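Shared between the two complexes below is chain A, which pairs with chain B and chain C, respectively.
Right after this comes the complex of A and B.
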């Protein structure tokens, strides 16, 4: 093949944008693919209200100014396949608005692939979580920042992790009253690690968190730890929630339940789950729900690198450092011209990010007590309306002992979200029922079709690898 | 059959739909069974199957005969399980929705009519429809349809539910089911008879072994020193978002414009499952975008209404195929005490009910429900060397 090598970066968040810039500066052609209209990912959310104004933030400006980067926006990768050369991949994508048929189908050949698909927020089920008005903290923040719309007038925030704070602040900014922020964990343990956290997370991040805490205090928002919303109530919509004190295992302390009413929205977030379908489709090794990478962000699959929250959650600064390193490594491996000094500098920041991620995980673990809140009728899977009782029967009555067969036995994870919301929770519940993790915990993350494609669009696609590669 | 003082009468290797059906048929006859499965129950090919119980796609011959017997056997078997286990534990979404084979091009229309006539003379219920009648039964079918045949006996069930229900009956009768047990080889005594199977945790004594290893049945046979040509062929499935009831009413299969034959049918939840009649040889498990596109093209041509529908899921799996397209059911003459129930290709779910029954009957010496000859290991169609086939 005489064409110059090309890197395809999937995901244009902090990690992907940095990866594209680093590879392009290394002299390599880059295609940066993202399903969203603009560069920035989850962190740099854009107000969509004024599309005409197109004020670019710095990351976006750098991408636009870099001639070797082709940015495909509103372009969703729906499948990966082995490419014509060892280590190369075919990247199948569709471009255009998700709401309409007739999205353009395209296939790129990637000589190296950098997967920066980020993460999405996790929700743990509890009685009433299916009521309209119960949303993820991430969705509430996206709505508030992206569309300047509040999910409700009187809102409760509950879950675990530092992300609850910016989510709550974004609600205040959008005009909501926040009736309380309930953190299930005990982040005061964080203080013990403060010096290390300062070093690894960077002072900017901690200052940011402090500013959120300050904003919540100014608005007199009650913020409590070791507490969580354990039930939501309402007739056709959330109208009240029950908050309870939690013991160390996250079991409800008896008698501590208290109803908060009225509320018209509840935001829930229990940390983040990496978006694994593309790494799994590329054959990357995944451990503990994260893509395994080496010291240069290379995955176990030849020609595939991963960066950002797919490898673990440590915030946007760490994601950007990983992206930079992945972009440098991909470019160096393709052109055999490595820039050791830059790689070393990026690698040092990446190591700090990894330590910070580990500290985050240690401070905000998910405790198994959440499972005890589920009753016979609590929904586990909202799309297919599968209750906990049905999931349990699949395991105990039918003897189904793997996620793949449990899915087919009780339909958990077979609906519109394809297990993105419920898959991990179901796997955890099954582990509790079996007394061991199911053999194929990742079955609910494996989606060879990474995104829905309309049948007619699929039919219109080009056959074979593209002529120009 | 030999009865051993120690151990069970039979070790069934494989907890897919075929192994489950064999274990059910054997335990119903009072045979003591241990089912050994290396992975999760019903987790391999059976978890990939669409669960279509079809005679429509079978040309006349022993395959059609076995399919007709099996399609008639399934509702009886399920009724008995319901009786034994109660409705909830026996439920498996069985639905006799009927099949429709359609053709669009003139030469395919002629071939379809010919096939239906031959199936009819073999005793199958295959009713020719006019294009108008076909569209009356299946309103969203392309108006270009030229020939159609209705198969009222075609049905559908959910293979994992069916397998787990069969296994529940096995357990209820005292049969033992063990997962995580990889059968490495078959052990024989001084007289050449089976005395057990070898596992990483030691031997399991038994008087006979049923090889129901699906696409890996050949591997176990090989380890037992009796090669069996069961080869994997990869097939692909697309699943759409749920559609309003009645969008696709039958299991419809057809070929359009030189594409692969496609089979289109709705699950109880309204999702439409689309699978290909064309399969790729070899052990390569990767999904190919071109295969998905070819499937999509044919489906959109058969059902133009589906063009706007999102495909939510795609997956594939290995069909355990044999050279002559027929399963292998019966004792291996080269290896007394080793039985096979394997090589069911793309119809193992459909054929499981009759397969288990036939194996049970042959095992206990009852008259068989179909002629077992065409399914014997020693038939010429398997292409096993002459001297390998000779009886000891």
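Right after this comes the complex of A and C.
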């Protein structure tokens, strides 16, 4: 007798949780793997539990109540391999306290995979960005919401994109004073296609953004567009920042620089970068830094679906719709139990989400002028402490013209984060120096180990043979 | 029930579910690691386990991401200088 099919969903944010629920309701057994202690991902981050209270978010309650979902929390998938049947995969994971030695190891056979690995903040380098106290907007929000801890007492927020607003509001909630929010872009570009934004973003999302703007206004937080933090200063930690007005290309308008001091934290976010190592390991086609999916969230790799920000950033509502569609599609393909009406309804919401994502990208583009802020000794790669001057010399003096060669020549992207923070920025800088994109822009995203594993654990191997039931 | 953890030998109260990074920030620190090459101070940056800037030693085992690791009662947290090898009291399964 063969075991009933099993879907492994990686990531328990809005997309992954919805995918798991949809597949489970279709009669499929689901393993939902996520690094956090609880369901919800970065968006529905749970506050640190107050003594005696353990309130569940509705999404989490549904997952807990669904008997066909096994939720593996504090678990990380560190490698994928081809499985015993066409379209199946071996999923290698570790579970337990983060980065501890001897985390529990398991290998699952997945008849289908739904990858909902999400995205993380992009930060464009500028002089002083490596000073302690300079953090990503996502870090500030995760700390404020999840840990009720303020990253600083007097904080500046800068970057581009609507996520800067909830990050700034979370700082206020945690008790910080926000000295200013500096948006490099021009959010009034939304007005060009306001009806589309209303239709595709949905009233709830726009109401949410309006509530953030209201909170910032009540606290008299200065919010300026076409301005950004162009340098951070301090001895051993951030103590001051320089804010400047930007021209249309994001070059600094001469004479517009102004120092804000004292500050003890700076939160920066220039949009998000999809977490691509698992989709690349599964052989999924990636274009423009996003996983390519069809109208049912299927990737180019048989048996592999993707949903949420890994396919493009459109917010939690769109991610949830993509997740539901991916879960329905995976269940239908495994059991032939298609629910056309539900698939069609989810697909319509997904199409609206894609249009919204395109509008977001058009409203908050990254302009090439950021490159002009880098000085000879501005760090590009934080881990290996590679400066812009060293990167430029590798390209212009030593003739390196592909990301892999450049990595081996000047060590950019060779450190502990494996190019997650610097890879995209370095590729953009190299493209500027060469006058064309480098040959292999995805080279830094290919990581055979998707998460760090202790060598002792790697040597000891999994606890048993692959679990097939 | 409050927990007690030790930061460079000094006891600090901690809350269940609190991350090492949140605890270190609450003690007034912004940096708890120095870089391998330049010896420059580093602390929290991405906050979600991506950047590996916030590495710290917990119970003798180095290279633990402070932003992800939740404290346990009695944990010994030590700042990390450059590339560190596991100490004699290294954590074992």
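Here are a few things to note about the model shown:
Keep this in mind: the second predicted complex is superposed on the first by the 457 of 469 C-alpha atoms of A that agree within 3 Å, B and C clash if a C-alpha of one lies under 4 Å from a C-alpha of the other, contacts with A are read in each partner's own complex, and residues count from 1 in each chain.
Criterion: a contact is a pair of C-beta atoms (placed from the backbone, for glycine too) under 8 Å apart; a residue touches a chain by one contact, two chains touch by 3 or more.
Predicted model only: the values in this text are computed from it and were never measured.
In the superposition on chain A, contact of A:447 is made with chain B only, not with chain C. By the touch criterion defined above, A:149 reaches chain C but does not reach chain B. With both structures placed on the common chain, the touch criterion links A:293 to neither chain B nor chain C.
In the superposition on chain A, contact of A:101 is made with both chain B and chain C. Residue contacts after overlaying the shared chain place A:384 against chain B and chain C alike.
Contacts of A:458 after superposition on the shared chain: chain B is touched, whereas chain C is not. After overlaying the two complexes on the shared chain, residue contacts for A:421 are found with chain C alone; chain B is out of touch.
In the superposition on chain A, contact is made by A:404 with chain B only, not with chain C.
Shared interface residues of chain A, touching chain B in one complex and chain C in the other, are 101, 384, 416, 452. The touching residues of chain A, counted against chain B in their complex, run 79, 81-82, 90, 92, 101, 107, 384, 393, 397-402, 404-405, 408-409, 411, 414, 416, 418, 438-440, 447-449, 452-456, 458-459, 461, 463-464.
Residues 1, 15-19, 21-22, 25-26, 30-31, 35-38, 40-53, 55, 58, 61, 63-65, 67-70, 72, 90-93 of chain C are the ones touching chain A in the complex. Here chain A touches chain C in the complex through residues 35, 37, 42, 48-49, 51, 97-102, 120-121, 130, 132-136, 138-140, 142-143, 147, 149, 151, 236-237, 264, 275, 382-385, 415-417, 420-421, 452, going by the rule given at the top.
Put simply, chain B touches chain A in their complex at residues 39-43, 47, 88-89, 158-161, 164-165, 167-168, 171, 177, 179, 238, 240-241, 269, 271, 286-290, 292-294, 296-297, 299-300, 306-316.
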